[in-house]
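Residue numbering begins at 1 within each chain, and the chains themselves are lettered A, B and C in the order written.
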Amino acid sequence: MIVRRLQKIEFSGWKSIAIVGLLFGLLVFNMHLVEPLLQSFFPDLDRHLYDRASFLKLVIEHLLLVISSGILATLVGVLCGILVTRRGGRDFLAVMNSMASLGQTFPPLAVLALLVPMVGFGAKPTIVALFVYGLFPIVRNTIAGLESVPRGPMEAAQGMGMAPLQILARVEMPLSLPLIIAGIRTSMIINIGTATLGATIGAGGLGAPIVAGLIGENPAYVVQGAVLVGLLAILVDLLLGRLDRVEKGYGVR
Amino acid sequence: MRLLKLDKVNLLGALFGTLSLCFCSFLIYRPHRLAAGTPHYFVDIASWPESLWMAALWIAAVVASFIAREKRPFIQLLVATTLTLSLFWMIGAHSSRLFEAAPSYARISLGLGSWLMFTAAFVLFLNLLEFLRRSPVITCLCVVSLCLGLTVIWMHGHLNHLSIVIEFYNKKERFMDELVAHLTLAFSAVGIGALLGIPLGVLAFKRKTLGAPILTIFNIVQTIPSLALFGLLVTPLAYLSLQVEFLHDVGVEGIGWAPALIALVLYALLPIIRNTHAGLGSLDKGIIEAGVGMGMSRLRLLFTVELPMIRHIILNGVRIAAVQSIGNTAVAALIGAGGFGIFIFQGLGQAATDLILLGTLPIILLAVVTDFLMQAITFLAKAEALK
Amino acid sequence: MIRFQNVTKKYAKTVALNNLSFEVDKGECCVLLGPSGCGKSTSLKLINRLIEPTAGDIFVNGENVSSVVPEQLRRSVGYVIQNVGLFPHLNVAENIATVPKLLKWDKARVHSRVEELLHLFRMSPQSYCDRYPHQLSGGEAQRVGVARALAADPAILLMDEPFGALDPVIRDALQAEFRHIQQDLKKTVVFVTHDVDEAIRLATKIAVINHGEIVQYDLVENILTRPAHPFISQFFGEDRALKRLARLSVKQFLRKTSGEATKIDTDSALKLEDSGKDALVKMIGHKLMSVPVVDDDSQLLGEIHLEDIINS
């Protein structure tokens, strides 16, 4: 019964985006509404609401970390992908590809921790780690996307007198966009998680209540941070998935 | 003309290495474990012959970009191998020399230049990947000589004065314990994930009504950050442990291995379910119809035809799950599950670089090696499936 | 219009084209015919500089192509390829408008040109403009491909096995349509194919190429009746006489009847647009030495005699 009903709901639809978004917004601005609930769950605690910073501030910090590094990673990653698929850069294609897949196997926490001795504590190493870590899926997917453009349209574009840059902008990029966006989506989701870990090196964000709760043995804090960051990740995933679908509207695949 | 085409990747790597040798710090000296470091440059601390040797090797690497194509890979491989071993040797020799002249609690660690030179040497190897793949004998020779060389340098006690090695010896027993803890946790999660995930993947494929919800649910689980999922499991498990005596007796608690294992299994499930599901979907319908036509039962067909044919696809899912699991286990140290994450978080807490490295390097190594081994297994399974 | 002068193309060790010289006049359809890998596609791509020759010169309109910017050259030469190469992310109208847009035509002109071309290929603009390539059948897609090549009204059209991937029925229809359009537009066409029937059907002149060299370059009629080399007789097959007949119209063999018009109603009758091969088929099928020819109203026009066909 439940299963049948679940099947009918398309989880990536606008409706679920609205529900998740509403729930997220409600909790960010009105966490005190759930205080009674937390009190009944954790009667032994003195404090139930995380009050070292407003949740709005934490969300903004979190998003700033992810978005600033995400934009940088997208720019650099797509550029790298484009360069190694041009005639002059093709020699670097294989090495770039194997470096990106190798980089993806590096655990995010390890990358983050390695940067602390070099850059110091706080938001800076987190942004660098998110940038570096976010690069790999974007580079890989950009390369995969550009390489998957069928020969026919490429040859036709060249034969009709498009200059290399025009071919890139009008044929290659539009055709590889779905894969590039999928790469950005993967990168963003991983980075929302990695940014949460940033709280362990003092970068703030929604990981802060979780870390504070784990260290201070206050499970109520943990729940608040975890629920918010979980909802945020799901929301961003849904939104980017939507974008992915809009791009696929012309139905190439 | 075509044969002389220059090797851009090799050239870039070699130039990068040469610059790192000349202009970046080789070793870093700290009077004690937590003090700020002073950089030492290679040219300053090395003798004339040593400087000449290292410079000559990097220049040889640069020159190797221009040689004719047939002989090029051999020479490049030779240079890269010699370079890597020499680098280790030089690091050992100079760290020992610096250490002798310093108080016993002084620490010597690798400078930026050393890291960059290792990276450059790595790029030289990476560039030869295609060549190495084609000639297994030479690859084996190269790997053996690298291992032998490193063993000699290690046995010689050459590296014993590097701070990370000192840190390792100080914490050797703890290190081994955490290694076991890390591996046990990560791989038992993948094992359980495979035991649950493959049947779930089959179920999702065979019963379409269940397929969509199963995939959707685990997709959502996958998007939740690991720290959040670990945190979310602490409370319910603590509650269960209080209520159910049996669980308490087997060691299930709000913190520790129990929530970590559950979260890790949940993460491991998606890649395995997804690959099983996609693998079954990729099978040629004709083969299944032929099986049914020959009078095979559904279950027999599944075990003797369908699953063996998609073994490599499932294994690829297991590979993704395993690499991810090793990384996430590091985070699980925060909820008291042990593993190398402990060193990382202790190191971060004390701002102790060596401790951080003692945690991160083995994790990265574990992930990379697991990835490589699983890829090799997947490759063999695929070759067999296509036979 | 197009002139190859001692053109040679070498790849590493193999010679793709060896000292090629030939000329295509304005309004002709020159078919480059040969087995696969003979260098015919290479020759075509040399014209719009997708490939550069190792030696020799190619002139288009008296101008050496090596002195023209490749992109400029390509915009003035239509190009159709075998796998169509429509841009999957653009709709039919946008696909056809590609070159006009590159040439910076104004919107209204582009729009009217797109409609004109769709009409030419008997596709209604209302129902086709907004469709995407994956919503077209193979035949429709290749029609759009040819329309796209004609968009900026180039004097020259290069076609690289354009109908090769289509099934026979649709290929026949498109060949007929192309011949029809070519009669109106009088483009200078260079057409690459390995299909002998297609070559005979569409060509003014055929250049038979083998191993990178031209074996014979002549009018279709001459190639069929006077093959210059055993390779050509073999390549065109024993039935080349039949193939030639397929090109000839019954008009050439018609013996007009004098006297008043009579209406004839028999299925052995031929029509004026039928070919000599059709006449032969009728004669064999009906065991006749001569068959009548009628117009659209079944009025008798004359007769075809077997001896005329055999002696042609």
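In this text, a residue touches a chain if its C-beta (ideal position, glycine included) is under 8 Å from a C-beta of that chain, and two chains touch if they have at least 3 such contacts.
Note that the structure is predicted; figures quoted are calculated from it, not measured.
Taking the mean of C-alpha positions as each chain's centre, the chain lying farthest from the centre of chain A is C.
By number of C-beta pairs in contact, the leading pair of chains is A-B.
If each chain is reduced to the average of its C-alpha atoms, the one that sits nearest the average of all protein C-alpha atoms is A.
In terms of their C-alpha centroids, the spacing between chain A and chain C amounts to 54 Å. Note on chain placement: the centre of chain A and the centre of chain B lie 22 Å apart, centres being C-alpha means.
If you average the Cα atoms of chain B and of chain C, the two centres end up 60 Å apart. Chain contacts: chain A has no residue touching two or more partner chains. Those residues of chain A that touch chain C in the shared complex are 150-163, 166, 170-171, 174-175, 250-252. By the touch rule above, chain A contacts chain B in their complex via residues 3-4, 6-7, 11, 41-42, 91-92, 94-95, 98-99, 102, 105-110, 113-114, 116-117, 121, 189, 192-194, 196-197, 199-201, 207, 210-211, 213-214, 219, 222-223, 225-227, 229-230, 233-234, 237.
Those residues of chain B that touch chain A in the complex are listed here as 7-9, 12, 123, 126-127, 129-130, 209-210, 212-213, 216, 220, 223-229, 231-232, 234-235, 238, 254, 323, 326-328, 330-331, 334-335, 341, 344-345, 347-348, 351, 353, 356-357, 359-360, 363-364, 367-368, 371. The part of chain C that touches chain A in the complex is made up of residues 48, 50, 70-76, 79, 81, 83-89, 98-99, 102, 132, 134, 145, 148-149, 158.
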